[in-house]
């Protein structure tokens, strides 16, 4: 067979490990040819590709962060309009099956192609853990590990200076990184997009902790956390003199609000891109490898229009159309479980 | 309520995190009194205990390896014979429910007590991942992470010296650490207790790899891996001039056999106790915390004779009697999945 | 003897290790009493203190970041004005010698006290490495290690997305962290306070690298790096709608400038407080321990008005007045050495 | 110019970083041709080599452990006898200068060549830190960091089980790794080759600690540590049924002796090869890079028969003949400094 592979969306630890597993299984075991398209769907729109073989160089991808194929985010409208061109590229290259590795956007486009009869098996990727129909995906554990390590470090500084510290982590729509790193690092409060926060309640919680004699307060803030209505006005873009809205994350603004209201020194750290780079954790390497193997097996079994998924300890297949219907948010009971440790 | 807690069996990263979660939930939320028994079941046999409160000191346990209660392995026969005494201690201390945190041995004793009407909720602990009826337990991810990090390092030395390297990891009965670390670190072969190995086949695989021009060979060996019948005679204790059999692990002997047969330098590393100490990974901290919360909730809901268990993303309860019936070994399909990367 | 100890200035990994070494040597070996003053010089101004003994709890400080004594920055004028009160507190507590552990500000105040006859032995502390008359101090290696680890991770993301990435690290006056982490992580450019940068030259360097076919550009920026005159106007405070200038670091502004000029996606990460927290590296633990031992020995030898210092492999004493005369900046030849790897 | 490079002796983190720095400086800046000889001196004896260019592939060596050139230990007599052949290979390849990177053995051979008029600039490499005339070399900090991390982990297990734990680290002749890791990780005793130990004194120290109520004892043992005369008979090789003496390290034997004498459970861990593999620490990357740059500059300045060396913060040159006269052992005052923390 001739199998196409691409990685789309934001960089994620484990992408290379999936590629390696696909190549070792498909090329190494079955003798398939592997065509890697560059920079996500763009590589298919522009027919830019490389051939990947099961050799020493591929083998070393396991521990390497990022993706050897490059990645890019493509506008969904552009993608929609380009489906014909993508199919043409697949035909021109004689591709028998396509394995897109990516997040919600990438997999949705994969689902569209599947609807048009293209043999697609998707591999879910998201450090945010917000893809539905799978217990988790690779990348998330690495992001949580990096965030936890950072918060572990911030504890000692906060204690020494008796400070309030805010840590902004990734998670635009879903608060999984914030929640898991918050639990893992013993944060005193975690704000997630799923549950709008009230600044006054946050301030009350901080004051109560300090009144009890505790010496510091660590609050993890998902970048997509939102103040409850009437709480405080979150600036959205447009304020920068350069017309630049990138560094107006909620954490910085919340820090200023808290400092203004309780008169205590607040320090804010935005972890940013370090959460998505570098070598994957052992957990993510194993999961990425298993996803790669099972995606290849699904291709050989002719199970198309599916996505590999982790359920318990097993790798299953779920329809791409199901998996891309909605994002997987932190459910209320998980938030309550975590909230028991706040304060 | 008055809740007893103990930690039994080998040390494991996350034990303290469970204790903290029980104390925060039971003492902090419900106002229960927490009595910690020292050094596993011994503490109950000898009525040695401490009272644990939901304070700053307990809070810091989250990131600390080991167990503040101490732990010990107790002979099952001694335990059997001491059940009456254990019940007496529980009565004397007015304990309403007992939460034993431990591996197969500890939970089996918990199951015996439950059979005799003692209100018990168990928490599974094993770096080996061999407790049945739960997807995994805390401690295993940390052990795999440490082993993977070590093997990552051995790769560069093996490459530079063109060597065969054996790495012995924990796993007396089940090969989960070996298998997962082997996948995660890209080992060229992994030997697990579940699948007896043939030394000649191992040598053939090594020779084939070097003949192909590859420059090194990394083999992960579970301490409980066994040669297939007729393969080679594994010495069992008795050889040491001190009558000491502790350092006659299978890896050292296998290394000598391989060196003798293929005439290549072999180096063996036994990771040993570093695999079970130190701060838990973020994954294990989250799981340990959730186990502690749910065990306490089970106590308050009166669900006794049960063990908390991870199924997918949920924490469930399973009967202790079920969970302790047999060890969870690496199933054949998982071994095959991993074996596809050998060579 | 009765020895006072305090930690001043910003939090730094290794402070606790110094305290432990002082306590083990002074209290453990010589039987001295140790009085720890809280929150830097404030503890002396307000006579807030604790007694520290050579026990298990102190012993565990070795690996713990931060400072058990708390720390604070005190305004130099307030300190100047409060010298009398500080001396009074020392007298009231019968302190025979004072060991202030801190950066330039703390040591300068120590020098003032020494001038007035107070028996002082200083211990230099700075993650920035900008204290003069010592090869280095503890804390710096930890900061460089954390920054290097972060930049290692950013490489893979930058490569995968073919991006320019800026990383702002600590260093208001001296570029040591930036320079060392830049070398260690293979940055393509490092901007330090000692050498004003020209934005156009930075852009030219980036363009040249991409033209050569390289796929990413990592630039480390010390927070105190400054544009050369005429290069671009660095906003200084005042722009935030809250009148808050904390998040207007040079890196964010530089990123916007580069993006505007070369039309390429630029991402900026400000590492912030994670650089100064958490457990010290082995190097810093050894150095902090040695400093603590030698400071205590200096007290017992009656060598006052001195600071412990690392010269080669030896711990020496240098006059506090000498060490606090000027900051230790990155000399030109060291910058040139590093600059050979730019581009 | 045409510069030859080789790496000899045991693998060491930072070797690749030196090669990269030499290539970037010599090839990148000066346009020199770089000829890498494979597997230490063997590559020169057998004229096996590769040409290395200042490209992307070389650039990535910075963070990679091991050596791209391969390495080997060569018998000194073979080397002595082969000097003529080595010179012939250098002539045949038109090599203008040779940069051997290695430990005492490699540098001694370099010194012999220099004596015969070959233009040699050596770069010291040793994880053991036993090369004279330089404050330290790259590799040592990484080894100490790995050992410290392992001992940190062993503390919690030892505490939980109230055990004596021995950790064997590298250091056949010099105890630097043991001493530094022992200080950094708060070991209760460190045994180094420089100071023969008495088993009875070790046992007394352990018993005293447990009698004081402390719950564990960690002893770091350099592999070359030796019992004092009359203390106990260290078996040397020959005991293994395979005629194999590799796993008769002093730590295992000492552990058995202690257990026999004090009747307490002792556990022994031999860290082994993990200490010398994997990515170098930031400290070692900076030092290795600086050594590579300065070695190349020395070649261009015609300073031959020298070795680069760290003195304080400067890289100097010292005669190879001086540096290879004797090993740098732990001096008595450093051992005393460390011993103050024993018990």
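A, B, C and D label the chains in the order they appear, each numbered from 1.
Everything below uses one rule, namely that a contact is a pair of C-beta atoms (placed from the backbone, for glycine too) under 8 Å apart; a residue touches a chain by one contact, two chains touch by 3 or more.
It should be emphasised that the depicted structure is a prediction, and the values quoted were computed from it without experimental measurement.
K.L.:
Going chain by chain, each one touching the next, work out the least steps from chain B to chain C.
P.N.:
Minimum step count, chain B to chain C: 2.
K.L.:
With chain centres defined as mean CA positions, report which chain is farthest from chain D.
P.N.:
A
K.L.:
Can you compute the centre-to-centre distance for chain A and chain D, using the mean CA position of each chain? Integer Å is fine.
P.N.:
41
K.L.:
Averaged over CA atoms, how far is the centre of chain A from the centre of chain B? Could you give it in whole Å?
P.N.:
Here chain A and chain B have centroids separated by 30 Å.
K.L.:
Find the geometric centre of each of chain A and chain C from their Cα atoms only, then give the gap between the two centres in Å, rounded to an integer.
P.N.:
Distance between chain centres, rounded to whole Å: 34 Å.
K.L.:
Name the residues of chain C that each touch 2 or more other chains.
P.N.:
As it turns out, chain C has residues touching two or more other chains at 149, 152.
K.L.:
Using the contact definition from the top, classify how the chains connect: line, ring, star, complete or other.
P.N.:
ring
K.L.:
Quick one: in the complex, what on chain B touches chain A?
P.N.:
24-25, 29, 56, 59, 62-63, 135-136, 141, 144-145, 147-149, 152, 180-181, 183-186, 214, 281-283, 285-286, 289-290, 293, 311-313, 337, 340-341
K.L.:
Can you list the chain A residues touching chain C in their complex?
P.N.:
On the chain A side, the touching residues are 7, 11, 13, 15, 64-67, 70-72, 146, 149-150, 152-162, 165, 215, 235, 239-242, 244, 246-247, 252, 256, 260, 267-274, 276-278.
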